[in-house]
Structures are given as C-alpha cells and as structure tokens.
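Same chain, two partners: subunit A is paired with subunit B first, then with subunit C.
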Partner chain A sequence: MTLTARLGRNLVRAVVVLFGISVITFVLSHVIGDPVSVLLPLDAPASTRASYRHEMGLDRPIAAQYLAFAEDTVQGRFGDSFLVKKPAIALIAERIPRTLLLTAAGMVIAVTIAFPLGILSAYRRRSLVDSTSIAVAVAGAAIPIYWLGLMLQIALGVHLHWLPPSGYGSWRHLVLPAFTLGVFLAPVTMRLVRSGMIEVLNQEYVRTARAKGLPEGRVLLRHAFRNMLIPVLTVLGLQFGQLMGGAVITETVFAWPGVASLVVQAIQSSDFPVTQAAVMILAVIILVVNLSVDTVAGTLDPRLRA
Partner chain B sequence: MPLRPRAPVGWRRLRRLRGGLAGGAVLTLIVAAAALAPWVAPHNPYVGRVIDRLLPPVWMDGGDPRYPLGTDQIGRDVLSRLLYGGRVSLSIAVLAVFVAGTVGLSLGLLAGFYRGRLDWTISAAVDVMLTFPFVLLALATIAVLGPSVRNVVIVLGITGWPIYTRVVRAEVIRLRALEFTVAARAIGLTNARLLLRHIVPNLLNTVIVIASLDIARFIIVEAFLSYLGLGVQPPTPSWGGMLGDFRPFMFDRWWLPTFPGTAIFVTALAVNLVGDGLRDYLDPQSRTSP
Partner chain C sequence: MDADTLALENLDRWWFFYRKGLITRRELFQAVLAAGSAAGAAGLVPASTGAPRAWPVARAAAAAAKDTVTLHLNSDLPNLDPHMHILREEIITMYHMFNNLGTRDLKTMKIGPDLATSWKIVSPTAWEMDLRQGVKFHNGDVFTADTVKFNYDRVLNPAEKSPQRGNHDAIDHVEVLGPYKVRIVTKRPYPIFVERLQNFQMVPEKYVKDKGDAYVAEHPVGTGPYKFVDWKRGSEINVVRNDDYWGPKPAIPHAKFRIITDVATAVAELLAGNVDIVRYVPTDQIATINRSGRATAKVQKILRVEYVALDAAGRSGSNPFQDKRVRQAANYAIDADLYLKRLQPGGDRTPAALNPMHFGFDPSIPPYAHDPDAARKLLAEAGYKNGFDARWLTSNLGMPSYQNVYDAMAQDLAGAGIRAKQQFIQATQTLVDLITSSKAGPMFGFSWGSYSVFDADGLYWDCFHPTSNLSYWHHPRFAELIEAARGTIDPDLRRRFYASAQKIVHEDAPVIFLWGFHSVFGASTAIDWTPEPDEIVRLYNVRPHQA
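Showing the complex of A and B:
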C-alpha cells in the first residue's frame, strides 16, 4: 500500500470515528442529559422551562438538533461555559499545553524506565533481572494510579517535604504527577520492548551479525534495537488514548490544571459546552496521534505496507 | 490447537504457574472475606459511635482492640467497612465483566461470521470506542445517567465490550477458514449450531483470559468513579468511596487512605496474576514467552 493510499484509508477511518464520537457526545448531552435542568433552579416554573428550551432550540426534532450541533462542532463553536462566562474552546485552549507537558514528561519517564529494563530482560532472559522486572511490571500494572499518586503525595510531599504535593507552577510541581503517569505507562512499555526485543534477537540477521564477530553492544543497538523500535513505537502510539485516560486520573489527583481535570470538573457540574468541546478536542488529538503513527510506521517499515 | 490443555506435569510446569497459584490463593481469601463479611466483620459497617471517631489502628498509640484497623470520621469500624466494601467492588466488577463479555462476544461473532456491512458497522463502532479513553467515556456516561451501583455496572459494561468484539471477530474469521468449520457446513449444520457447538467453544479460552484481566481493570475504574463521588453512593461502603472520603486525612492520618488503596491494589494484583496464569495454562502459544 502506498503512502497516499494508506493516508487516504486512515483519513476515512478518522472521519468515521469522529462522526461516531460526535454522536455519542450528542446523545449523552442532548438526548439523555438535559441542559435546561442544569441552567435553571429546581423550582423554575414550567413556562420558563419551555421558553428556555425553545430559545436553546431543544424543542426541535433530534435530527435537526444533531445537525446544528455538528455544524457548530465542525466550526469549533461550542458555546460559553455554564460556569464561567467564557467560550468553552478558550478554556480548553488555555489548558492544552499543560496537559501536553504532563503527558510528554510522563512518557519520557516511562521510556527511561522501560526501555533499558525491557532490553536487558530480553537479552538476559530468565535471569534475575528478567524475573524481577517482570514481577515489577505485573505489580505496576495493578497499582491504581490515583492511589499511587496519593501515596507519593503523603510520602514525598507531606512527610518529607521534598516536593509540593499538588498544584501547578514550578518544575517541582511537575515531578510527582509526571512520575505517577510514567509508572502508569512503564509496565506496558517494558513488556512491549521485552517481547519485541526477544523476537528480534531470534532473527537470522542477528545471528549473522554475531557470526561476523561484531561486538555484542553493536549487535544489540544497531541490529536488534533499531528493528524492534518501529513495531514497539507503533503499538505505543496506539496506546495514546490510554495515556490520556491516565492523564485524566493523574490531573485529578494532583490538581494539575490541564484539560483532563477540566473535563472531570465539567462532567461533575454538568457543564455541557465544556464537556462536549473537551471530549471532541481530545478525540481529535488522539486520532491525529494514532493515525500519524500508523501512517509513518507503515511508510518507514516495508513489512507493514501489505 | 488442542482443545484441552495438557495436565500440568512436573516441577517446571508448577514453577511456571506459581504466580497464578499465589494470586489464586490470595484472591480466594479476599473473596471469602468479602462473601462472609456479615459473619466475620466485627461491627455494623453503617453504624458508628461518635465518641470512638478517628481511632488509629490497634498497633499504633491510642489504638483500641475493638477496632483492629481503627475508625473513620464518624466512628465506624474501618475493617468492617473494608470487608463490606469488598462485596460491593467485587460484585460490580464481576457483573460488569459479564455484561461486557456477553455483548462483546455476541457482536464479535456476528461481525466475524456474517462479515459484510454488519461487520463494517460493528468494527467502526469498536474503532470509535477504542479511540476514546475508557475512563473519560465511563465518567461522561455516569454523569448523565446518575451515580448508582446499577449504572456503574451498565457503564463499565458498555465501555468494556469492544476489546472482546475485536478479539472474537479476528478469531472467528480465522476459525471459519479452518477445515472443521468447512466440514461442519458440508454436512449441513445450521449457522446457529455451527456457531454455538463448533466456534464458541474454541473462543472460550481467549474470552476467559480477557475477562479475568478485565475484572482487575474494572475494580480499579469502579474505585476511581466512587472516589470522585460518581460511583457507589454513601453510606454504602466501597473501596473507592473510602479512598475519596479519607483523602483529606492524608496530612495527619496517612493510614486511612492507605487501607482502602491497599485493598484495591492487592485485589487487582491477585486477579491479574490469575489472569496471566490462566493465559499461560489455556493458551499453549503464549507459553514460549511469558
């Protein structure tokens, strides 16, 4: 499959997925949820409710409402937040860099932990290093990250006063949430790297490289590592949605003022415009990452072109 | 592919399964403690004595032997609430896995067996669901439906099915091309019989492995929802709800948030170990790399 064909197929998929997500968002907020009940006090008379519904267009047929919603969404008009008199999109735009910063820092930490351990485990299979890292990965995958975050806050923030337990400001505020997110991502990454590396080390070109008498370091890094990288990065890229899920939890625990904690607040207070905008924008970001990873990997690795 | 796993023979095999066996032992204890909560819990989990509020666990200064793990802010016994909370958390996770597994298996069978437009639609739906962060979808849905035990089960169920569908669909497509399915068709079996008697039994191992790992994931997500106040509602005890309630005490009473968190962690770990063990045991292909 050529680059253009792959790109074309991925774009079609992206449009389908975005359509699906817009339908889910719409159904949740307009069909099951009721914005009027959020905006008006509980004892508002029925006539006020009716006129409000009319004004907001909520008395029109569902299909017409969806089309209006879709039109606004495509143009990036999500309306004003119910809580703060600001456009929802502005609230989100302000917070996106912080979420990206946290996510990137978490990824760096995960990669720093997982790559060396995964490679070493694969290279020394069934050794002490291997079984220990597997045990740590199994335990790491079972730790609820909100609880890990809380424990880190108690130990390093409250008792030892090394780092601020929560909030946003200096780089010191970034350390605990980034580490928490890193621990969330590291087990999966380590397992991927390990199994990718084991597979590559069994390939004939690695045996050939050894037979040529190349030093082990060179065999590992130049022949094995590079070939393992693309499939592993592809799977990791596809896990980006999970990482955003982890960011939602981490931001909530550490009061990190990113998009994710904004969505949680918006959801809890039924702030529909902000919820819709955030959900759609996060979906677009996740899709862009997934599809570009898939497209790039498919182009770089001839084996994936089939 | 053998339908039945060989019986485990020898120490090597047992060594391979020791993680699963240890997990199984711990899990059995936890399930038994939760199931027997009305008989083993020292106190009523709903009633507290205000005079006995915020007592530390028994091994710390000021601990009271009547309350082994201390008491909460309105004097309820923490151990009893943990035991009862386990009933709630475990039942929600198991029920939700049942919902997700049933829906996912059925849709995967339909998509993989009939292909065509139905397959396209189901696969598109799977794509949509898997693109979206699971936690966010669960949060948004629960916020609209309203928090309750029933709704948590529904939400985990409807956000959890796509993984089963994706895996089952791929398996069905593979199995359909194999000789035994072709032979079954040739002797004139109906589609329903072919699916239920010949295809589903071949899928069960895979589904059971995913389901066991999902139980751990659902326990963790349910606890997060309850932690945010969007899951199990007070006064019903739940591990996540206790974690949320005890969060403000992290500054001076660290043990309070530690107990429910440890319960979630240990349970999820035990379930994962059992799941990994099951995968090793049931799926001969994965035995080469753990």
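Showing the complex of A and C:
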C-alpha cells in the first residue's frame, strides 16, 4: 500500500474512534450530574429551573442534544464553561501546553532511565545489573504514582528544600512532577527495551557484525539498537495515553495547572462543556500521536504495514 | 557561616580551579560529594527525627521582612466578580479587594460599620443608612450613595443572572436621599437585613458600566485593603497593599491566593514554608503539622453544622422514617459525644440543628442521649422489631475526618436495628442535585454554612421550611413559627418564636442531629493569626510573627 493510501485508511479509522468517544463522553457526562443545579442557587424556584433548562436546551430529547453537540464539536464550538462563562475551548487551550510540557518531560526522563537500563540488562543477561533492573522495574510498576509523587514532594520539597513542592512557573517546578511521571512510565518501557534488545541480539546479522570484527559498542548501538527501536517507539507512542492518565494524578498532587487537573475539576463540578471538550481534544491528540507513530513505523519497516 | 553554606559557596570555586587545571577531576568529584553529602546528611538526619531543615539561603530569606502572606484555596475561582458566584473561596478572596456596607466585629460577633457608618430602621420595611465619605475605588472612582443603589440594582436585576439574587430578594428598591445617604425599602419586614450587609461587596458603577461584566470579572476594582495585581488561572491570584486605603492598612504588603486542589499538597507546602494558611486540614495531619516546627494546627469553631436528614415527608417514597418514633430511635442509637471526643477535634452539639452561635439558639434543650435500649424499644413500638435496611447517601461535607464518623455511626445504628448502607457520592453538587429532585431519601448527609448569617433564619428557612427543596419534612406549625419570626424585627419576639420552633424540631426529629464543626486550620509560625468563626480568612489582619 502506498503511503497516502495507508494514511487515508488510518485517518478513517481515527474518525470512527473519535465518533465512538464523542458518544461515550456525551452520554456519560449527562448521566453524572445536572448542570442546572450547578448554576442556580439552591433555593431557586422550580419555574426558574425549568426556564433555565429550556434556555440551555436541556429539555430536548437526548438524541437531539447529541446531534447539536456533534455539529458544534466538529466546528470546534464546545460552548461556554458552566462555571467560568468563558469558552471551554479557551480554557483548555490555555492549559494544554502545560500538560504537553509535563508529559514530554516525563517521557524524556522515562527514556533516560529505561533505555540505558534496558540495553544493559539485555546485553548482560542474568547478571547483577539485569536482576537489579528487573527488580527496580517491578517495584516501579507496583508503586502507586500518587504515593511516589507525595514521597518526592515531602522528601525533596518539604524536608530538604531542594525543589518547590508544587506549583508552576520555573524549571524547578517541573522537575518533581516530570520525574514522577518518568518513573511511572519507565518500568514498562525498560522491560520492552530489554526484550526488544534480547530478540535483536539473537539475530543473525548481529552475529555477522561481530564476526566482521566490529567493536562491541558499534554492534550494540549502530546495528542492534536501531532495529530494536521501531517496535519500542511504536509502543512508546501508545504509552502516551498512559502518560495522560498519569498526568491526572501528577497534576493534582503537584498543583500543576494543566488540562488533566482541569478535567478532574470539571467532572467534579458537572461542568459538561469543559469535560466534553477536554476529553475530545485529548482523544484527538492521542489519536494523532498514534497515527503518526503507526505511519512512521510503517514507513521505516515494511513488515509493520498492516 | 555554617559548614554547608561554605561548601556551597566553594563549589564554584572548585569548578574554577578544575578548569584551570589546578585540581584533578577526582578532587573535584570529592568536593561535590562533600558539599552534597554535608547538606544531604544534615538535611536527612534531622528530617528523620521530625524537624525539617531549612537550606541556609532559604532561612536567610525567611528571616528578612515577611513580604507576602499566602492563603491556600482548594479550587480555582470561576471569576473575580463579587456578585457572580456562590463559592466560599471567592467570598474570602473578594473580601480582600472589596468592602461591604457592614462588617463583622470578630470580638463581639456583631455587624459594625464598614462602607456604611450607621443605619437605623425607620419603618418595618425601610432602613436608612449613612455612608462613609472620602472612600475611593482603586481606579479613582468615588464611592457614593449612587454606588449603593447601583449595586443592589445589579444583583437584583434578573437579566444579570446573579446567583446571589436570592440572598437579597427581600429588598424591593434603594432610594438615594443625598450624596451619602440611602433608604433601603424591603418587600416585607427583613430581620436579617443587617446580617446580610456583611456579605455583599460594593463594585464601582462607572467602571462596570464602561467596561462591561466580562472585563470586570477578570479585572476587579474595589475599595478594599488590597488591590488586584494578576490572576494566573488555575495557579494563583496576587494582590498588593492599597496604600490609599481608607481604613487600617494591612501589615504585609503582598498577598497571594494559591490554588492547590489536593489537601496533602497544601499541607506539604505549609510545611515547606511556601503557604501560610491552609484551610480544612484533615485531623490526622494535626500531629504532623504541630511537630514540624514550621506551622501549628489551629482549631476554630465555625458556623457550619451537619446532620443526617431523614425522609419524614416521604419525598422519595414511603419509608420507615415517616414514623416519628423511628426518627427518634435513630437519634438515640448514635453516640455523638463519643464521636466528638474520639473522632473529632471538637464540635458543638446541635440539639435542634441550630449552632449555638446562631441567634435564637435555645441552650435549654438537651441533646439526645446515647440510649440503644430506648432506640430498640421505639423501633419495636413502631413495628420494626427486627429492624430495617436503609440507603444512606454520604459525601465530603466539610466535617473533619468524616469517614471515621460515618463508619462509627453506621455501626451504632445497625446495633439498634437500623442497617444503614452508606453510598458515598464524590461530587457534593451531585448529592445536592439528588436532594433537590426528591431522590435522596430515606437518609442523606447534609451540611449548611448559613451564608455566614449568624441567625436561626439562615438555617431554618433554607433547610426546614416546607417550600424549600432541601427540606424532607413538612410541619405546618413549625412553618408558621419561622414565618412569624422572619416577619418581625423585635428580637425578643423572634427568640420566643425560635424557642418554640426548636422544641418542635427536637421532638419531631426530622434529622439525626450531629454538630457544629470545629474546623482545623494550619498556620505558619511566621505569622500571627487566629482563625475566624465566620469561615472568612482575613489576610489583612495577619501580622508577621515577631520572634
């Protein structure tokens, strides 16, 4: 299949997924709470509530409400936040760069931890390095991210005063949350790198490279590593979704004003427009990432073209 | 200069020496390790004994004059327009940039002058008020009688859609009698008129008209002790001292409201010295805070009360609580005094749902004693010898360590035969939706802050009047009594009406009576501050602690 054909087909799949997500988001947020009670004072008489409900279009049949929602969504109109009276999309646009910064930094840290450890483990299988790395990976996967964040905050922020315990504003504020996210993501990545490397190191061309007399470093990095990279990168792209999940907790613990903490607050206050808009936009971002990773991987390695 | 400061200072010297080739890489490495471990060891060892160690640089900064006082808010504000919100957090923030017509004297708990210097009642439905002269808004606009009229018109105007309109709907209109005199005409006698004065901030007329509501909601201009600086959404709000303030100027030049949604993070910031006041500290953190040496936990009784409402009126369908004996049994079954002693940092029992601080509270009514035998007897009389099951909706309603209390209550209720199954609701708003749509029965938890109105009307009307959608109890005689109390300004008459009303509430037991909260605040040792009983933190009263 040509590149454009593959891109086209992946795009169609993405649109279908988006449609499904929009339906689920819409239904769920209408099940959770009643926006009229959020907006009006508690003692508002029933007549005020009814007229408010009518104004907001909440008394139409749910299918009609969904169609209106879908039409607006496609045009990027998510409505005003119930709590803040500003367009939901503006609130999210303000915060998305901060979350992306955090997740990117977390990814960098995860890769910095996972890749060297993974490669070393694969290279020196069943050595002390390998056992320790696996133990660390298991521990890292088992440690709840909330607890880890809190411990880092207390140890490095409160007791040692090396870094600010929470907040946003300087590179110093980024270190602890990014590190928490990185440690959250590293174990799985490390295991992937390790098994990827092991598989590659068993290949014939690696033996050939060694037989040719190449120094071990070149064998590892120039030949084995590159070939292992593609499937690992694909999974890293998929892990992006995991990162977003981790970001929800990290942003709350470290008071990082990103889109993930905004979604949590929106859900708790039944703020439909912001919830729907945030979920849709995050879904789009994750889909774009996955799409790009798929396409790039398929381009680099023809065996991966489905 | 102590050891680790020296090590820090010398680090860049070591680097310089290394670049110049005067020391080897090994020696540089050792120097780094030494500096790091000196600080680290010094930092870690005392940390394990509970006293955190300040970096010398940070300590020096703290010793310098305290420049900023920081309060923690647990959610971001929707806007900065004092008329367009219903949040306690925003009331607190607005109090710093705006003034009200009256303000509470925290020693006497009575409402005293603020932007209004005096007021008197001239007829059952009219009040006359003299206003303070020479008050300017932060942008230079002048505060006059026209300002007062504009503000009341604005909040009462249905087109403005202010969520606070209901608080002031007893007011019919405002007449301007002179540049600094107004007459406020009410639709009916309005006994809590004075109480309401303390929670209605004054905005500048010309500014609002020129700039429009949307702009004003992000650029607040008031007459208050602090002026708005900026609002980093989701992160913090900064204000600076108003040096032209007409009243006593705040001691600390800058104030910051930091938005931290997670209370554990807020406590961490308190202990790190970045936040000065934390509200709603969980009780299990009290010991940690007091041990830290950087902050203390302060307990303050507040107006907010909690109770477990029982569906006496059958709004959610027929249920055992429609029988008065069953409701009384529920009250006998629980051991509130024990919970207060063991599970709470204190609390004030509310035998008829009113807090002792509400005007009209009758101290002669005894709270229900813990009497499981009486409970079982009443249940048997009502026909529930083998008890019954009931769904109990709970949420985080502001009670410290609420889950422990609910679990203890569930156990005691079950012991008497009322097998209450808790169903926890995460978002309080959702619980409120269920309550107002008659779906919350047969049992649900509820708390009420009375909008800081220290008057029985502030609770009884909204929570127990038959026309309120929060009330699952319809008692015509009680309704008559509180309507009469609302319709007169004679305090003795009102007290009599409320005394009778409380006897009815106590005997008819529409709820399981709990208590008025003692709220826990965390306060940094760098400041002198006492928590306010009306739940409004006033940073302009905070002074730096003189060691």
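Here is the rule we go by: the second predicted complex is superposed on the first by the 299 of 306 C-alpha atoms of A that agree within 3 Å, B and C clash if a C-alpha of one lies under 4 Å from a C-alpha of the other, contacts with A are read in each partner's own complex, and residues count from 1 in each chain.
As a working rule, a contact is a pair of C-beta atoms (placed from the backbone, for glycine too) under 8 Å apart; a residue touches a chain by one contact, two chains touch by 3 or more.
Predicted model only: the values in this text are computed from it and were never measured.
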| request: With everything superposed onto subunit A, say whether subunit B and subunit C fit together or clash. | output: clash
| request: With the two complexes superposed on chain A, say which partner A:I154 touches: subunit B (first), subunit C (second), both, or neither. | output: both
| query | In the superposed arrangement, does A:F115 touch subunit B (first), subunit C (second), both or neither? | reply | neither
| Which superposed partner A:S195 touches (first subunit B, second subunit C, both, neither) | first
| said: Quick check on the superposed pair: does A:Q268 touch subunit B, subunit C, both, or neither? Answer first, second, both or neither. | reply: both
| query | Thinking of the overlay built on chain A, is A:T252 touched by subunit B (first), by subunit C (second), by both, or by neither? | reply | both
| field | Which superposed partner A:G20 touches (first subunit B, second subunit C, both, neither) | value | first
| message | Let me test your reading of the model: by the given contact rule, A:L28 touches which partner, first (subunit B), second (subunit C), both or neither? | response | first
| query | Of the two partner chains, subunit B (first) and subunit C (second), which one does A:F179 touch, if any: first, second, both, or neither? | reply | neither
| task | Would you please give the residues of subunit A that touch subunit B in one complex and also touch subunit C in the other complex? | result | 32-33, 150, 153-154, 158-159, 252, 264, 267-268, 270
| query | Along subunit B, where are the residues that touch subunit A in the complex? | reply | 19, 124-125, 127-128, 130-137, 139-141, 143-145, 216, 220, 223-224, 227-230, 243, 247, 250-251, 254, 257-258, 261, 264-265, 268-269, 271-273, 276, 289-290
| said: Could you list, by residue number, the parts of subunit C that touch subunit A in their complex? | reply: 40, 43-44, 47, 52-55, 58, 75-76, 78-79, 84, 86, 163-167, 214, 217, 232-236, 258-262, 264-265, 268-269, 271-272, 274, 426-427, 429-430, 432-433, 436-437, 462, 468-470
| Of all residues in subunit A, which touch subunit B in the complex? | 13, 16-17, 20-21, 24-25, 28-29, 32-33, 134, 138-139, 141-144, 146-147, 150-151, 153-154, 158-159, 195, 198, 241-242, 244-245, 248-249, 252, 263-264, 267-268, 270, 275, 279, 282-283, 286-287, 290
| query | Where on subunit A does subunit C make contact in their complex? | reply | 32-34, 37-44, 46, 81, 83-85, 91, 94-95, 150, 153-155, 157-162, 164-169, 252-255, 257, 261-262, 264-265, 267-270
